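In what comes next, subunit A is part of two complexes: it sits with subunit B in the first one and with subunit C in the second one.
On to the complex of A and B.
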């Protein structure tokens, strides 16, 4: 049980790091990387929960992680695409309006 | 300056409270009362599958799989942006190439078949996507601004097969996504093939960021 708690706490720590970076950083690429850290922390938590049974590993959270990885990859691709579009349209890599009004 | 510092401090304080709550929730997590593992393995023979995770994904939680595929497809539609005219019309001038690519591709295809044989369909799809990306990096396939019919069918095959099986079983009096016993093997095989192809193609197209692809033509 202690191992499960340890990995769950690591997952919570990773989630906090990712979420903090997501809120504080302005660069879009860093935000996307932070989002991926958040995804990873959720997968780690699910896998830790799957190991709670002493006899064998619970396959249900593992199945969810498998679908989750697919969704994380597709979400990252969409986010990267949107970030690239924002860069093409405005010439900046963040969502602040200061530079935009300064140019125009 | 001071407002941004205040904002960071506020975020740190709120996140600390949040993390404390999560940690308490982990320590208060109740002991499992039923063993899901035994339950899944005792029911595994009914699904006529050997891999417990795939049996879960395609039988018991097929609705989640269907919704996951829908999310994947929506992301692909988001990446296909018709107004975006910059879809790499410029020629590839990078001279990136992988030595002895055909051996690597053969290995990947072999691994894909093993994964498919052992019912790890999502892994097989991801490996196929890896094949596509390797071909793209070696300029053997190229992004195109429009997609052909076969590519569109391949991309949407998993969703189409899943939805048509779900509707067909519902019309013939079964529950939503409950496979009839006589047709179980055929349905599962059909779903597996379409799932592998669809996931492989979708992940490759997400990497391309373009609606279509074609084999590279020698000039």
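On to the complex of A and C.
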């Protein structure tokens, strides 16, 4: 098994874990962490793909990963802030619809 | 893209269409509370001018491309404009300008009558008519807090309640943040329609997601915060699936530039998985059945200008990417299967969305569910246009895009009209609209005109779009799609009609009640009406937009 295949398989495994957690867990913090795991798995796959030719490393996927990390970080920051606001407003740490009244 | 010569543009209009709103967003954020409207109007004029110039250039010279910073395609990120992107840019500029004008008045009005907005957020869902009347009659006063904070409340808020400051003072002071966010969103949308690189599109999607999420949460109500959180999770997950697809695609082909992909992409198992992932990611953001679950709560919880922006423009963004990829990038031998599958999902979306819309008791939610059905219509374009070389393919392509355009105009008019009702009445339950036809004639006329376009009756743009699709269905021998469109039209008549059943009944609310309701500024009622009117006559003036669509279209001329 080459390194590329190994890391790709790890990436797929991580993606599955993240996706499963995102679906199953209700706590917002866990959902946000799951989303980060999903993003990390994609980054890992990109890094693995960058090394697909044994002669040289392809730099372009590395640039993709850098930008991807930027996006993941800023999105996580926004998500954490939102989760805090939701907790302040409703006292809930999930998105259940106790509070949901609709616009009447 | 295949059959036209692409001109390398020397003029800066494409870059300007992206940079002007971006710059204005930064400036209005730094400039503080009062500068937002000023910069937005300046940016609006700038974008209109540059988009119009670009349209003229594409019209006279054909598709244009621009290497940003002098870096050409495989390494640099090029901008590319053809008839389709120009039409989308024009739609964004026109709808965006109307919504800017509306939002100016909307937020000024909300700030002036702060207690009014609190009414709609306090009111529990199952209030009786008497409650509403009582509540409406006590409008100008601050509504006392009826609900106890659930578990723990922010200190600031407790203090605010102790001192008798209405809770939504805090909500209102956020409204100046609408401007930088909307300008950022506008810049992102313009960039999306001009981009010709898949990774660039990922970045732009992320910008649009972050701006849209913040816009939804702007009014600070718990339900809006929850809706924006749900949207953020779904949209980011969609973006990550899209990125996963890009990674596989890059591994297989070695480029993400649309032009190079067109030439180099070959059918292989890896590309198949990559394409499936990319399509799922984009469908999740376009809210095609069965990926629509996040849409109704999100769109009905946001403020009226925000719902209008999201439904009219943000949804069309991912639809546009799907069009580009579907017809220009994906290997042609898979396309008929993919087209049939998307059309099948679209057909279910029409039935499911219409049925759900019919069952809703709230105007905003009804409109939100109708969007699901309408998105289904756009996707009927895929099976009908999958022939690629036939006359009917071009017909279906034009019809589907025309539907998307007229939907953008009509749905934003509807959300603005519905927002007006919500502001005036503090409720959008359909039964509370009983007998208000005479009281709010312009608002209901707006709803009716926009409804005509959404149903697809002549002479609206929706009618012409449906007609082109039905024709294409007959000529290509896929008559069942025509049947679905016709059934969809009848379903739309049912749910749009449902809005108007109570309106012309006898009034139950004594008109005395309304004397204390603040009157909405004139432009808030007339701007949506004008927009709905444009949607209505789009069917008559659609010849030149439709010709524009042929410039750089992926179909081979016959």
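The rule is short, and it goes like this: the second predicted complex is superposed on the first by the 96 of 104 C-alpha atoms of A that agree within 3 Å, B and C clash if a C-alpha of one lies under 4 Å from a C-alpha of the other, contacts with A are read in each partner's own complex, and residues count from 1 in each chain.
Operating definition for what follows: a residue touches a chain if its C-beta (ideal position, glycine included) is under 8 Å from a C-beta of that chain, and two chains touch if they have at least 3 such contacts.
The structure displayed is predicted, hence computed values, not measured ones.
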Overlay on subunit A: subunit C relative to subunit B, clash or fit: clash
Touched partner set for A:5, first subunit B, second subunit C, both or neither: first
Subunit B versus subunit C as contact partner of A:31, first or second or both or neither: second
Partner chain(s) touched by A:95 [first = subunit B, second = subunit C, both, neither]: second
First (subunit B), second (subunit C), both or neither touched by A:42: second
Subunit B versus subunit C as contact partner of A:74, first or second or both or neither: both
Touching partner for A:52 - first (subunit B), second (subunit C), both, neither: both
Partner chain(s) touched by A:13 [first = subunit B, second = subunit C, both, neither]: first
Subunit C-contacting residues of subunit A that also contact subunit B: 15, 19, 52, 58, 60, 64, 67, 71, 74-75, 78, 82, 85, 88
List of subunit A residues in touch with subunit B within their complex: 5, 8-9, 12-13, 15-16, 19-20, 23-24, 52-53, 55-60, 62-64, 66-67, 70-71, 73-75, 77-78, 80-82, 84-85, 88
Residue numbers on subunit A that touch subunit C, as the complex places them: 15, 19, 22, 28, 31-32, 35, 38-39, 41-42, 45-46, 49, 52, 58, 60-61, 64, 67-68, 71, 74-75, 78-79, 82-83, 85-92, 95, 99-104
Residue ranges of subunit B in contact with subunit A within the complex: 8, 11-12, 15, 18-19, 22-23, 26-27, 29, 31-32, 35-38, 40-41, 52-53, 56-57, 61, 64-65, 68, 71-72, 75-76, 78-79, 81, 84, 86, 122, 199, 202-203, 206-207, 209
Residue ranges of subunit C in contact with subunit A within the complex: 120, 123-127, 149-154, 157, 199, 202-203, 206, 209-210, 213-214, 217, 220-223, 225-226, 228-230, 232-233, 236-237, 239-240, 243-244, 246-248, 250-251, 254, 297, 300-301, 362, 364-365, 422, 427-429
